[in-house]
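A short write-up of the structure that comes next.
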Amino acid sequence: MKRLIFFRLLQAIPTMWVIATLTFFMTRFAPGGPFDAEKAIPEEIKIKMEAHFGLDRPLLEQYFIYLHNLLQGDLGPSFKYPEWEVSELIATAFPVSLTLGTFSFIIALIIGIPGGMIAALRQNTWMDYLPMSLSMIGVCLPTFVLGPLLIFALSNQLAIFPPLGWYRPSDWVLPSLTLGLFYGAYITRLTRAGMLEALQQDFIRTARAKGASSWRILTQHAARGGLLPVVTFLGPAFAGLISGSFVIESIFFIPGLGKFFVTAAFNRDYTMVLGTVLFYASLIITLNLVVDLLQAWLDPKSRQSR
Amino acid sequence: MPLTPNLPKNPRMNHLNIQNLKVNFHSREGIVQAVDKINLTIHAGEVIGLVGESGSGKSVTCSSILQLLPSPPARIESGKIQWSGIDLLRQNDQTMQRIRGKEISMIFQDPMSCLNPYIPILDQVAEPLVIHQICDTKLAKEKAREMLLEVGVQRILDHPNAYPHEFSGGMRQRAMIAMALITEPSLLLADEPTTALDVTVQAKVLSILKNLCEKLSTSILFVSHDLGLVAELADRVVVMYRGKVVEQNDTHSIFTHPKHPYVQALIACRPTLDVSEERLPTVEDFIHSGETRTPVPLKSSEPNPTSDQKNLIEARDLIVEFKTDQGVIRAVDKVSLSIKSGQTHGLVGESGSGKTTLGRTLLNLINKTSGEIWLNQEKVSGSGRKYNLGFRKSMQIIFQDPYASLNPRLTIEQTLIEPMIVHQIGKSQNERLDRVISLLEEVGLGAEHLTRYPHQFSGGQRQRICVARALTTEPQFIVCDECVSAMDVSVQAQVLNLLKSLQVNRNLTYLFISHDLGVVKFMSDEISVMQNGCIVETGSAEDIYQNPQTGYTKQLIDSIPAANRSASPIV
Amino acid sequence: MLLIHSLSLINKCRKFPLASFCWVLALGCSQQTNVETALNEQVLHFGLGSEPQHLDPHLATSVAAHNILSALLEGLVSEDPKTLKPRPGVAKSWSISEDGKNYIFLLRKNARWSNGDPVTAEDFVYSFRRILNPDLAAPYASMLYPLKNARTYHQGGISWEKADVGAVAIDAYTLSLSLENPVPYFLELLNHYSWFPVHQTTIEEFGAFEKIGTGWTKPKHFIGNGPFHLSNHQINSVIEVTKNQHYWDKESVRLNGIRFYPIDAVFTEERAYRAGFLHLTQSVSADRIDFLKARHPRELHFEPYLGTYFYRFNLKAPPFNDKRVRLAFSLAIDRQRLVDKVLGGGQSPATSFTPPGTGGFQPVPKFEYNRKKAKALLKSYLKEKGLEKLPPVELTYNTSEGHKKVAEALYGMWNEVFDVDIRLLNMEWKVFLSTIAKGDFTLARAGWIGDYVDPHTFLQMWRSGDGLNMTGWENQEYDYALQQAENSVSQEKRWESFQKCEDLLADEAPILPLYFYVHHTLRHPTVQGWHPTLLDHHPYKYVYLADERRP
Amino acid sequence: MTSNPPSSSLGREAWSRLRANRMAMISLFILIAIALISLLGPLIAPHSYEQQDLDRIFESPSKDHIFGTDNLGRDLFARTTYGGRISLSVGLLATLVSLLIGVTYGMISGYAGGKLDACMMRMVDVLYSLPFIIFVILLMVMFGRNFLLLFLAIGAVEWLTMARITRTQTLNLRRAEFVEAARALGFSDTRILFRHILPNLIGPIIVYATLTIPAVMLLEAVLSFLGLGVQAPMSSWGSLIKDGAEKMDAAPWLILFPGAFFCLTLFALNFLGDGLRDAFDPKSSKEP
C-alpha cells in the first residue's frame, strides 16, 4: 500500500511538470494577450504593462522563472485581477465548489446506486425500465436545460428554493440537484451493469444456497463486487464535480472554481490558467490514487497483488 | 477397502423423494430436455452417488432440489420433490430460504468462484448461523472457527481475517464443507465438490466430508462424473445419461454387474495404473450415439523404437523466476529435460509445482530467467518475426480449458485458417480450406462444423478443435498442458485416443502435463515427477508406478481412488 | 451557523422523513427576498454585469468599475443626478479664466478620507502624478492629456518637476489646473474615475506608487473619499459598500449600503431580478424585451446611452477598398427595420456616427436606406471590375447572442438586395481583438461608448492612423476638420467642424453605423432618485428606497 | 447444447440476431426516420432554414410553420431538420474518430503493459488536464477554420475516456488463453490486437459510444462558441437547444422540438447500442 502511494506520487512529479510545460507554452501561443481590450491601449503603455508582469523577457526565461516560483509553491498574481494571487483566488473558490460538488455527489449516489441496484435485481421488469428510462433522460438533458427547468418548477412556480446565489444552505439545493441528477443518471447505468455482472457470479448461488434473502444477497454479497466499476468512475467524476462547473456556476451565480477555468482561458490570464490546470491535475492524480486505494479496500485480491 | 453400507437409521424421517421430475431449458434455439422424468429417493443418513457425464442432467437435478436453477432459461415442467412432507417445488421464496442452508445445504464444484472473494472466510462460514438466527454473530464466528479447525483449516488460527484468495483450492473447499455443515443439516448436496482439486487434495477432502457427515448423520447426494470417486463414498449409485436415470444400484453391484451399456462404458474407459493399453475403450464402443465419428484409424500400432532416436527437444538448467512484492519466486528451478523424437514425456505434480510454467517456458510463452532450450540440435533464441515464423511453427500447445483458449468471436474456419495464412502454409485459400477440412476429419469433426462458433460445441469437441489448431502449423512438438483434466472420463478417453493416434500418424513428440498419474501413465513413454519447481524423479512410466523412488511419488499414487487404480472391480 | 442548526434539526427529524422534508420546504419559503428586506435596510442590490478588473481608479477600465468607484471616491466636482451638470464635489467652488485654459478649485475643508484624514489639493496633484507616471502604464492616462504638459510627462523620459504639468496645489485647499487647449467639457471630464483622488499613505503602505496589484484596494485597506466605503469584496460573488461616516455630505446619503453582484450571465441576471434578488439590472437580452414588456411594464426602462453600434470595413483589401461597395452595403440596410424588428428595444437607427444630442451636437442624418442606389453602385463596381458576382464577404463578430442576431439579420437584408455570398465568422473575444488589430478581416462588428459627453469622444478615433481606427481609412480633410474642432473655443465653430467630419464619414463610409445604444434597465419601483442619464452615471447619494404605494 | 444452423460471418450473424431484437429494430427504424427527415426536411419544408421574416418572429406552431418560428422569424422545422443533418453527422463521425484513436491507444497501452502502459496512461492524465479552450483556439490558429478540425478537436477530448475503458478491458483479455494460444501459433502482436482482442471489445465500445454521441453533439455547440464548427445562420441541435433553453418560458417550442429530436435519437441509439452489443456476442442467447 505504501509502495503504491510512493510510486504514484513519484510518477506525479513528471506528469505535473509535463502539464505545466505544455500549458505554459499553449497559453503563450494562443492569439491575444491578457491586456488586449476593445479600447486598444497605446503600444507604449502595453509594453510597460507587460514589463510589470515580466512578459517582456524572453519566453524561455519566463518559463524558467515560472517553474522556479512554482517549485516554491508560488503561482503568481492573476493577470486579470492583479490584486489577487492565483492561490488566493483558488483558495476562496475551491471551498464553494467542494461543497457544491460534495452535495451533488451525495445526491448522485443516493439516486444512482439504489436505482441501479433495483434495476439490476428486477431486470426486464418495469422496475428496471423506469429507472433506466429516467436515467437515459438524465443523460440526454444537458445541465443548461435541466438547471433552468428546475428553477422554473421549484423556484418560480412553487417558490420552494431560491433561484440563485450561494449564501444560505437552501441555496445549495437546486444547483446540487442539477449536477447530481446528471451524474446520478450515469451512476445508475454503471451500477446496473456492475450489479448484473455480480449477480451472475457463482458465489451468489452459494449465498442463495445458504438461505440468504434477496436483500442480504444484494447488500452483503453482490454490492462490493458490483460497485467496483462504479468506484472507478467515481474518482474522475468527483474530481470533475469539486473542480466546479462553469455552466452551473453561471446559471446559479455561484462563486466557484469552474468559472475561473473558463474565464481565465478567455482572458488569457496566463497564471490563472496554469494555476487552475495544475490544481485540477493534482486533484485528478490524488483522486485516482484514492480510487485505487478504495478499490484495494473493496477488492481484497488487488490488495495482495500490489 | 471394503465399504460397509450405512443402513438408514430411520427411513421415515427426512427422506427426500424426487418423483417424475422434468426440467426443460428454453432458449432461442429451442427447448432442451435437461432432466426427463426421473425418480430418486434419499433416505436419512444415506450417501447417494449421482454419476453422469456433463450434460446428463445430474447437476440440474441437484439444483432443482433447492430451487436454485437459473430461471429463465430453466423451467420445471412437472414432478414433485417431497421433503418432510412438503413439496419443495411448490414452496415460495420465504419458505425455501428457511430450508436452504439449514435443512439442506449445498457444496459446489469450484471453491474459488463459489466463495465470495470480498468477504473473509470466517464470516462466510459463520453466515448460515446468522441468516437462520441460530446464534448471534459473535458466537457464530466462534463456532465457525471450531468448524474450520475440524475440517483441517489450521490457517484460520493465524489469519482470522483471511480472504478466499489467500487460501489454496483444497483449503477453500474444506471451508465450503464447513460452511455447508455448520448448521448440521439433514441433507448435503455436493455437486462435483472435488473435481477441481489435485488428486492428493481430493483424497483428503473426501475423507473429511465422509467423516463429518457420519458424525452429524447427514445424508449426502454426491454428484460426480467420476465413478471411481463415487465408489469411495456412496452406499448407492445412480447413473444418469441424457436426462434419464439409466441404472440404480448399490455401489458394489454397479461395479461388478453393470447392466446398462453406458455404465459398462464408464467403468471401462478410465485409464488405470495397473493395465497398459494402446487405446482406451470409449462410450461409443458401447453405445453408438452418432454424435462423434471415429477418427482416422491408426496406421500402425507398433510402438516406436525409442533407443536410437535423437533428442527433439532439450532443456538445460532452466530457471524461471517471477518478481512479486514478496520478493523473487523461483517457479522452475534448474530443470533439465530431454524428449526423444516421436515420444511422449509425462510431467506430473500438484498444482503449483511448476509444471505448467515449465511447459510454457519451453514455448517461450514465459520468458526464462536463464538456461538453454534446444530444438533439433538448434539453440532456440531470438524473438519477433523471425522467431514467430520459425520456432513457433514447430512447437505448439494445447491448453487445459478448450473454451478459454478459443476466441469466442471467430468461427472454426477462421480459427483454423489463420495460422496457415500467417505461416504461408498452402498456396491458395482453397488449398488451405481443404487442409482445414482434412484436419477436422482427422480429429473426428467434419466440414459442417466450419462456420460454427466455439460455444456451439461440447467440451470434448472444443478440445478436438484445439488439437486441430495446434496441428495447422504442422509442428513436431506439442505441449499438452492438462489438456484432459477438466473432462469427463468418457470424453477424456476419446481425446486421449485421438492424441495417441495422431502421434503415430504424424510422428509427434509430446510433453504431457497432468496431475492425474493414471492419464500420464497411459500416454507416456517416460515420466518426470515435479515438486516445488524441481524434477524429483524421472523414469519409464512402468518403473515410476511399480517402483516409486520418492515419498512424494508414492503419495501421488496413493491418493488415486482405489477404483481408479486398478481395472478390476473392487470387492 | 444555519447549516449546523439545520443539520441538528434534520438529525432530530431523521425518524420522520416527511417532517424534515416539510422543514426544508419551510426554510425555503420563509426567506424574504432581497428587495423586500432592502426597504428597511436601505441597501441597494445592484446587478453589476461583470467582475471589475481593478478597483484602483488609475487602472480601471470598465463600466463595472465606474459603478463601484463612483460610490467609493469623489472628484473635484460631482454631478447633478438628472442632467449630469457639474455640482460642487470636493471642490466647493471654482473659477475659470477667460480663455478657458485655467481653472482654480477651492476645496472644502470638511472633505475627509474614510479614515478621517482631510482631502487636500496635494492629494489631487499626487493622484494626477500617479496616473500620468509612465511606469504605472495606466490605460486611461490619456484622459488627463487636456492638462498642460501632461502628454509630455506621460510619454516619458522627463521628471514631474521638469515637465511642469499644469496641476499645482497652491495651498492645502486651493488647486490650480491649467490646460493645453480650452476644453468646453472639462468639468464633466472630471467625473471620470481617472481624475479621482487616491489616498497617498495607503498606496505607499503597500508598495511603490507605480506598482500594479499591490492589494491596497482590498476591503480592509481601501481608503476612499466617496459617500461609501468598501466593506466586503468576494470575487465573483459580491462587492459590498456601506455608508462612509467621514463623508462630508453624509446627511444627504440615504442608502446604508450597496451590494454589487457581478453576475456575468445575462439570463441569470435577469432571473435574479425577477426573483427579487436585485433592484437593478441592465442585462436584458434583445430577445427578451417583448416578454419583459408584457410581464413587467412598469419596471422595464429604455434609457438613452452614449454609444454607437457599427461595423468596420477593411479598406486595405477588395472589395471594400472601393467606396461604391461600402456605400452599397450601407445603403442596403434598413436601419429602421433592424431597430424595430430585430432589436425592438427602443434603440434608434444610426444615421450618423455621433449620437444626436451629444453635448448638444445634432448631426445631420446622412446614412440612409436606398436599395435602388445600392444596387446601382454595386452594379457599376462589378461592371468595372468585370465580375459576375462579389467574392464571398466575411463578416467577423465576437461570439454573443446579440451580435449574432444582428449579423444574421444583416445577412438576410444583404441577401435580399444583392446576390452576395456572406459568411458569418464568430470568434472568441481575444482572438477577435487580435484579428481586428491585425487587419485580418473584411467586415467586422464594433461598438463605441463615449467617455464624456462631447462629439470629440466619438469622432477622434477616425483620425488617420489612430489606434482605434483600424479600418485603414486615411483622410487629410478629416484630420484637418478634427483639429479645427479641437482648437476652437466657440461652440458653433466646433459643431461646424464636427459636422464636416460626419459628412466625410458618410461620403466615404469607412464604417457602417447601425444603431445607437439604449440601456435596457429593469428597475424595481422602490428605487427612487434614479434618473436616466446619457453616460449612465447615477450619483448614489441621491438614491434611496421607498415604496411609492405606501405613504 | 444444440447447434445453430451454419452462418457465414460474425457480421451476418449479428444482423440476424439484431433483427430478432424488437426494441433494437424499432430504434433502428426511428433512427432511419430521423435521418431521412433531416435529409429531406430542409428540401420539403416550405421555408429555408435561413429565410427570415422579421414580421413573424416568435410565432408559436401553426399551419404555416409547424414548429413555430425563432427570433428572426425563421422556420423552426427547417432549422431543426437542417440541424439534424449537422448534429447527426458530427455526432457519428466525431464519435468514430474518438473511437478510432481511443480504442487503438487503449489497446496498445493495455496489451503492452508495464512501463509503456504507465507512460501512455500518464500521457492521458496530462491530456485530461490541459485547458481545452486554449487547445481549440490554438488548433484554429494553426489550421484555420477547417470543418475537419471540428472532428479533431472533439476526437481529442472524447478519446481519452475511451482509451481508459479499452485499456482496462485489454489488460484482462491479454491474459486470456486464446491470446496465449495465438502467441503460441506465432501470430504477430498487431494481428493478435486487431483480430483477436478487438472483436472481444465490441460490447463495452458500443455502450460507451452511445454515451459519447450526445456529449459530442452538445460539445459541438460549445465549439461553435469558440468559432469552430457550425457558423450562423446554419443550425445544429446543440445550438438550437442552447438558444431555446434561454427562452424556455417565453417560447417553449424553441426547445421542445429540437430537444425532442435530440432525446428521441439518443433513446434510439441507446437501445440500438444494447441490441448491437448482444448481436455481436455469439454466445448471447437472450430471448427474442
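Think of it as A, B, C and D in the order they're written, each chain with its own count starting at 1.
Keep this in mind: contacts are C-beta pairs under 8 Å (C-beta built on N, C-alpha and C of every residue); 3 or more make two chains touch, one makes a residue touch a chain.
For clarity, every value in this text was computed on a predicted model and none was experimentally measured.
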item: B-D against A-B, pair bridged by the larger set of C-beta contacts; value: B-D
item: Centre-most chain [mean C-alpha coordinates]; value: A
item: Whole-Å separation of chain centres (CA-atom averages), subunit A against subunit B; value: 49
item: Subunit A-subunit D separation of Cα centroids, rounded to whole Å; value: 23
item: Centre-of-Cα separation between subunit C and subunit B, whole angstrom; value: 85
item: Junction residues of subunit A, two or more chains touched; value: 30-31, 148, 156, 266
item: Interface hub residues of subunit C, defined as touching at least two other chains; value: 267, 428, 431
item: Interface residues, subunit C side, partner subunit A - complex; value: 2-3, 6, 24-25, 27-29, 31, 51, 53-56, 61, 134-139, 141-142, 155-156, 211-215, 217-218, 234-237, 261, 263-265, 267-268, 271-272, 275, 277, 428-431, 433-435, 437, 446-447, 467-468
item: Residue ranges of subunit A touching subunit D (in the complex, touch as defined); value: 11, 14-15, 18-19, 22-23, 26-27, 29-31, 136-137, 139-142, 144-145, 148-149, 152, 156, 186, 189, 193, 232, 236, 261-262, 265-266, 273, 276-278, 280-281, 284-285, 288
item: For the subunit D and subunit A complex, residues of the former touching the latter; value: 118, 122, 125-126, 128-131, 133-135, 137-138, 141, 168, 207, 211, 214, 218, 241-242, 245-246, 248-249, 255, 259, 262-263, 266-267, 270
item: Subunit C - residues contacting subunit D, complex; value: 267, 285-288, 290-291, 337, 341-342, 399, 401, 404-405, 407-409, 411-412, 423-428, 431
item: In the complex, subunit A residues that touch subunit C; value: 30-33, 36-46, 48-49, 51-52, 77, 80-84, 89, 92-93, 148, 151, 155-156, 159-166, 168-170, 173, 250-253, 255, 259, 266-268
